[in-house]
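Heads up: the structure comes next, in structure tokens.
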């Protein structure tokens, strides 16, 4: 456990100094520009635009950070040969993988928290009345990040090039948001194809379970059917189990990988 | 070391857990959004070519964001004079006056917005107001409001607007005004609707009531409304003493 | 007593390209026995299998055939790995961490207790003369400094066995001398040293025994007394061995 923590801790540190720092600067610039733009274009819905734009930007930056950090997690380490000095110590490959995975998650969470603070401050300056549902949205984003990071790590070991891993992960991100539409399409298929379609639908990660940013009505009380503890705890469990499956499969590849 | 017997068992167990969780999650989950073809067909049917934008918004799970972009488009569209009037005559009143054109695409633009985000209440109210009172096409306004009521049966303000528009169609202006007076009491009432009521008051020579409404418009977040309100307030203040003395 | 032992260690790299399986020999039937407390060097030309052997010993590669034992325990073994300190040919580190942070990480992974760790870092940084630079980021260090950090991390957990891959390649004369002195000092402390090199002059100065690898096969093992007894020393033995090995520099027969 101590070793996992050590790897996670230094992964966070490295990522902050390397990638996150630039992401945050870019986010601040973007949000600043958006504020100028929306105060002119948004009319009476300026706050809604700022709120949505900020949340979407936080998610996109978190997504990019997660995908790049997760895909390069092992690939970059093999390429740079930094992995040699880790695996030639009393450290199992599972410990290494889990440590790195948690490190990336913490690093991304930290950047999400920083971006959110910046975003909230801006909204408050614009006389936004604070809503708890904002935290709900950010909280659910955390589970999206957890899922996509697991998928990205898996693809990075499954396919050997960074480009293909990034493409696969990105494709899953889109697919995961499109599942509900796919389900509808699937129901139009003939009976023979319906079962494979259903299996596929259940298998791919469903990001809509965590997409409260798009589905919650900010400014109004939580009206969604799924905004209850029963659903939320199931969704959290789903994200945990799905990520575990990804890490388990990744470890199968990693344990057989030669450096 | 993971022995090879354990691997398939673990995979089956974990995959099984995912399927079981999915089964229970589905029971607690609702996704009440129009199917993507309804939006894409609508956006692609126009020459605007925004089908791809709308589709990417849905695929990225960013319906609200794309609805907002379309909302900006709508404001730009409705806030600028229509091209067909621009070169017809010099000083064409339709070019000068805000909202003075025909704006035939206002309905489809609004439909695009509210099909991307069926819970964008303000968009329904704004477009319904514009269509019913500024462009005098209450049938289209009713269409939008009916869609709003279908998507949000609990949001009763749509019914209030609907009733006001129906009274307008039936030429029962007094009853319409009562409903509009009710509508402007709420914080999410578009300034445009307030302006409509203020103008009605002015036509009815109820300058003081009109002034009260304009003072409210002065707090709008939209600068164009604030400027208009400032102008109108000055104008009404000039008229008010005459009326009193008269 | 043999501290490291390999039994018929064979590594064949298999790569599939466009559906065709391509096999490349890494090492074949390697039978090594490294004695406790000695300096053993592995000599060979580029591509002879030196790095492959080291990676097989450390568990970075899996043998196609054969076994590796360290302290009579079959490798890979997490418990035994902690007895080994490893310096790769070109030490690669995390660019954005400082020397201190990096050693802290490696120390933690090597199971050094948190009370001991700062003391050990101080000790190894003193050995490699990097005490003043400990808060510098890796990205700011020169090639020579990186090599020293590499040594520091290899010695951090006081390993019984030290495995260095080409430790003197790319070093300036002062660096080579310092490395030589370090290896001798480590031997004095009772550590077993296994290193690979193709710089024969250095190998003969410090090694107790040397194994000569040619095209993945261990051709012979030479003892210190053998090269001291012979004119031309180890270099002569090495060249003779390589010459006698078949197919080296062999040209394909010209077409008639």
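Read from first to last, the chains carry the letters A, B and C; within each, the first residue is number 1.
The criterion applied here is as follows: a residue touches a chain if its C-beta (ideal position, glycine included) is under 8 Å from a C-beta of that chain, and two chains touch if they have at least 3 such contacts.
In this text, all values refer to a predicted model and were calculated from it rather than measured experimentally.
S.K.: Hey, which chain ends up farthest from chain C, C-alpha centres compared?
M.R.: B
S.K.: Which one chain sits nearest the middle, judging by mean Cα positions?
M.R.: Ranked by how close its C-alpha centre lies to the overall one, first comes A.
S.K.: State, to the nearest whole Å, the distance from the C-alpha centre of chain A to the C-alpha centre of chain C.
M.R.: 41
S.K.: When the centre of a chain is set as the mean of its C-alpha atoms, what distance in Å lies between chain B and chain C?
M.R.: 72
S.K.: When the C-alpha atoms of chain A and chain B are each averaged to a single point, how far apart are the two points in Å?
M.R.: 32
S.K.: Please name which positions on chain A make contact with chain B in the complex.
M.R.: 41-49, 52-53, 56, 174, 177-178, 180-181, 184, 202-203, 206-209, 211, 213-214, 217, 220, 223-226, 228, 230-231, 234-235, 237-238, 241-242, 244-245, 248-249, 251-252, 255
S.K.: Which of the residues in chain B end up touching chain A in this complex?
M.R.: 1-2, 7, 10-11, 14-15, 17-19, 21-22, 24-25, 28-31, 33, 35-36, 58-65, 68, 71-72, 75-76, 119, 122, 154, 190-191, 220-222, 224-225
S.K.: Within their complex, state which residues of chain C touch chain A.
M.R.: Within the complex, chain C touches chain A at residues 55, 58-62, 78-79, 81-82, 84, 86, 88, 90-97, 101, 104-106, 108-111, 153, 157.
S.K.: Residue numbers of chain A touching chain C in their complex, please.
M.R.: Checking each residue of chain A against chain C gives 2-3, 6-7, 10, 13-14, 17-18, 80-82, 84-92, 256, 258-259.
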